[in-house]
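Here the chain labels run A, B, C, D and E in written order, and each chain numbers its own residues starting at 1.
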């Protein structure tokens, strides 16, 4: 397993290298001179602009610019945000905890609900409860997150006033106290539900169908023939097999969540990576933009690795070596 | 604040009320503002006020390093400038007062007992520190142009001198500054924001912007102290008990960022006490029972420009033919029902203007004195076009140019996420089509838009734009014959002379009336030639919960926050 | 073997009633009430959208300053938006764009995914590994991020709608290629494929005549899922301002007015119709997809 | 047709010489080949025109792979397949197409071997269309004729495979194989998926057809009694190579290879009075990925000797027409 | 062992069993009026082609019919005096795996892929006896050894996919005999296996049967296996038992035309190749089953006109040999027809 993991991580390097070329090229292709962010816009002296261009290396051949960028990047220097005037890594580090918290909450909600609803519906298919859950699922699958987010704010934040409509925490609370965490939780709940709604619905459906399918498997019949009580058959034999695919989704979720956070964080004015990304695009903050894009690509690759490793852990038939 | 010009596109997106105004200082009440402080009893102490920004703040929380409105809004709650501006944008003493004989040598005197939040007293050395910090960074610092006019600043920057020779600290409270030459606007131009030596002495100038002293633990001399910063999200400020103008009433101010779509909802729920908002939501905000709208004159105006020439990096050349006909341009302004347009897209929060300056500025000439008034008049517009030879020769309902060729007005407007931009641009083209001008609308990404304008991209012919001006009234950087900001690329020798004379100390001396007259003459020429069609000047609005008292706004911004209070 | 003489009866032989798998699936689908109702709904939406210019005389582009932000009434069934344009009219036109983008992306994605997946799956070996490496590579791009960046790169340089469709499609075909490939790999193991080779069918014929019809059901089901996804993607990007150019009405663009403070709160007639249109369309597509999946699955009984 | 059997009578119809078919096994991150499954490992035999050679062995012994390698559904790694004296392992494109006309295959799974999307008429007519420019009606007549030959009604023409039972489907598969009038038919487990009563129908049909058209069969099956019933000669395969090959009666009455003996003794005889000495082998067939050194059978062989684990025995003729690969002989 | 003394008490007695499956809302009998009994220590073979209902019969006895789909419509299944089809699930669970156990055709899918062999073996022990974990492990190792597995200590910790088909079937057998059941139902236990492995497994079953003195119901389609293993044979066709006899009598004197044809359809090793007997047509599907009369009538070469009108009953024609065919008149007067 360790050997496999190391090999996989090594295998990610060429992929990331290729992606970095794509990312760099795209940033170069983006309209608008990225200089405008780095040079005092009030200073129009052509000589000054030319000097700055030279100084910032915009006149170097493209491959040199790339090499400079990538070698800095690998040393953890993602460049300086043209908007915030501080290293992009610091900006990202500031926002990262919020996105991680949102992502974890969303995952938690997704898996808890999907597990509860999916196992109920799978065990009692075609009953009233199952139909209710199915109806919920269809709505969850059909309601895009941005619509769900807008509705959620309209209904739960404005009309009912149950949840705050923006931010990540009430600033007046002392960091680390219980009420601080409650406030964070209160702020993250609505966006987390919206972010997780789609996967909750699809995982529920998936789990349900998988349970129904596994119920018909030969080994379940074997277990019955052994005299194993029904509840134990569900708990061990069926569930153990049914959670295998759902667990492996966890890895893939990592990449998806952060992408999904772009919309959710924007709607809820939640200061995380997604919102940062979007504002970096509109403001042409290239260093931040490139760093986030690389980060998300890495997360996607990393998520795939996690998925494979989890698969190897939960399914004894898969051997990772 | 001294950044003389702001791109309007940025303004529109951020919709900050404080825009180019420089500070909050002692204000005398003016007639056109709603002052609810007078109605009620005595101010009460205590309480928390929540102030919402509808644009993200960058977190560069120091006058010397910030560059956006969001940060500005926060800084002025906790840091005071040395010089303030009154409702006519004339400089008035705040912490510092000054004397000058010749507009070259100034003596500034600081008030005693003004303390930084860290307990140190503010002295002239803090100002020197600020000026030297900027000078040591030089061209890469955006305020360099506000410092390099001081004698010896350039030498200091180049390392030829250990100190800026034009700065002479007489004692802790008195400083003499000598500028490289006499100018009418040396005072308005000079960088008048000190930097605490104690906080920053251990930080290299290059690293200051990223330091925690700027980003998370800023200090100032203002009525509130920053107690906590959540980057990009909110800032908590607490009362500065030792504020030199008196103890603030409010115990706490919370500044938070919300999406503009949430404005009315948050105001209604009382989770936001005070926030600027987009003009289009004015009716909704006014409809809220618990909120009052403070309206005050702004410093920005919108125009429709024509590309009349190109900029070669040094000079503006008026060498593009298509829109050279003045009658064509005038007709296009007559064709626009500006009253209706402003009512529709700015909820009436603006007035049509006939000159490229906001009324609030002291150099602005009286609108009524303008030679052409450009009242909405379709017939007049059509007549002008007929005169100019733009006639419909092929009976397709649209006019051809005097040579009988097809004439299409290519109109461009910047695009952001805001859907009303498209609508308001479209509405303008509809006015022009009414008078028989075929138009084509192009929405251009805002980041590209100003880039293309600067580079005279041929795809931009007629363009929508806006300027927000700062405290320095000089139109030369915008309309001079050697500046890239002159987007229409308009050159008129007479006008150019007027602008140059107005800042020439040998012509105007220290006589502001004479200076104003020169500007008025310039405005008349502009009014007749309309290289850009002035559309409107915008009023600023601020929504304030009615429990908040003592808040006053004028063109230079709000009054000092220590006077604000909430009913409990 | 001798060819015996043709009997009259043999020539007259005619198929009585089609029992082809497609016919069976069609029959099964027609019996599925929910799916049929959804299909009907989609057809109505499509007809209304595509006939919009004939159904309404309203000019979708004209700004009517006198009629801005009117609540629903007899004259304007769904009210007007902030530019005084009829919301109902725009909903129809918006549907047209959303459906066109959705369908074009779906078709392009299916086309690219199927060609690449089928080639990789059928030929295997080096072709397979090269194509799949490339697919992995494209799949590694975080979708939303790259759509936004790519769209920003091409913004204003080309026709916005076309760029959007191409960008979305280029970033989305990977999963289809993978599914088609694995399906082809599985199907290839079936002996009828070997039979087809052994009776002298060319690789092209094997793929087109034998493999594709048998993976078509998967592709169709995948297509419905994609169609729904693409409508979500289009409207989501437009909502964020990175999708269909603002001047073209689409459901996402219409919904983006919910970003405006007054609209979300006090003018719900402007944003709720496109929100519901998107939701119900996707719901209907999902139901049709489920129905198709059921109908095309030979094992399902119901 | 490119080959003319009449002029080369000295050649058997099919000669397989030292045929090897390996599948690469991929492993590791870069999916490199880390080894080979030696599905067929040095297999040799020949088939005379008009005879039926049975190929028997347990699952994984490579008999199906051998069949597929001959018809080039798989590419042989090494060795030769001489069809009418001509090596066809290296053929490509048109010449390969031409050879396939003479060799046809009947497949094991009556469900998977027919394209579910095709009408039966199209399934049977397709090979004709591929090789001959013929008009629709004439092809249709041929197809109807073939349907009659395999005992299916005319109206099957317009039906789809899913409307038929397993036995009928297998008849369709046989009709397809006959459509090109091939010289050699490889029948790969044609009855193993069928019930006994249906199996007998298909076996009878194959015998009739062989008689009628003088067909040559390579009959692959795991059921020794079925193979014996169908074949003139029988080859017994174990782990990719031939263990023994002989005339069917010889093989049955005087099996030489210990594996053949065990195989025959293991077959349950439907006769309760039949009491016989049963040879129970130990363990399972080893994996062809990692076959044992020496004689592949030696780990299970009750008569194994020391040299059996050293040297792989060659197939040698011990009696006329009876070859065996065993160190005992 | 072959013992057909009627007086001896039956271990299992099935009477008039009807098991039906619902298709499109209607029920169709997959097992129709089946009666038979098994005595202790007997091996009874059930033979028939696919779809004849032999697996449904075994699942009916085990009460393992798929829920909501198949159900026992009438009849009695009595095991040691207890009527199984009256028991609750919990009560039945106590019998399954302890008194009656079962092995299945597909050793590949019948074991849960995510649990170790040991876990799955111990599960049956924990289900039916109070036993400590350590003992259970020891016992499972012993069981694996008893089914001829050479390295049981290692195998208990392995997963099913690491085992060959034959090994898995041995594990299944070990699981089935763990509680020393009185009856083992083996449903096509060797069909998926190679012939040399089949020989091993059959040998094993025989040994175990002798050692434990249990009864076996051996379900298979392979008459060869029947001949080798069974004392008594039930021949099923289309859900009914059409012939019942001791093995020898069945093979040497088949009575029912179907049995006769079936025997003739098998290619035999010791005979010269000739034409095999074949049965025209195929077994009618459940939905198309004739309402009355002999279900084989449509394919029967000896069919008489009354075959499709009169439903024959399974009657003893000779001692220990019953057949359900009107060709065989019995001493007893034939009673009525089946409803």
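By definition in this document, contacts are C-beta pairs under 8 Å (C-beta built on N, C-alpha and C of every residue); 3 or more make two chains touch, one makes a residue touch a chain.
Here's who's who by UniProt: A, C = Peptide/nickel transport system permease protein; B = Peptide/nickel transport system substrate-binding protein; D, E = Peptide/nickel transport system ATP-binding protein.
Predicted model only: the values in this text are computed from it and were never measured.
Between chain B and chain E, the least number of touch steps comes to 2. Taking the mean Cα position of each chain as its centre, E sits at the greatest distance from chain B. One inter-chain figure worth recording: chain C and chain E are separated by 52 Å, centre to centre, where each centre is the mean of the chain's CA atoms.
Centres computed as Cα averages put chain B at a distance of 48 Å from chain C. A straight line joining the Cα centres of chain A and chain B is 40 Å long. Multi-chain contact residues of chain C, defined as those touching 2 or more other chains: 152, 155-156, 240-241, 258, 264-265.
Shared interface positions of chain A, i.e. residues touching 2 or more other chains, are given as 31, 153, 158, 266, 282. Note for the complex: chain E touches chain A at residues 62, 64, 66, 89-90, 92-98, 101-102, 104, 106, 109-115, 123-124, 127-128, 159, 161, 172, 175-176.
For chain B in complex with chain A, the residues that touch the partner chain are 3-5, 7, 48, 56, 58-60, 65, 139-142, 144-145, 209-210, 215, 228, 230-236, 252, 254, 256-259, 262, 265-266, 268-269, 271, 313-314, 416-417, 445, 447-448, 451, 483-485. Touching chain E in their complex are the following residues of chain D: 58-59, 165, 167, 195-201, 203-204, 207, 222-226, 228-230, 252, 262-274, 278, 280-281, 284-285. Taken together, the chain C residues at the contact with chain A in this complex read 136-137, 139-146, 148-150, 152-153, 155-157, 228, 232, 235-236, 239-242, 255, 258, 264-265, 268, 271, 275, 278-280, 282-283, 286-287.
On the chain C side of its complex with chain D, the touching residues are 1, 3-4, 6, 9-11, 13-16, 19-22, 129, 190-192, 194-201, 210, 213-214, 298.
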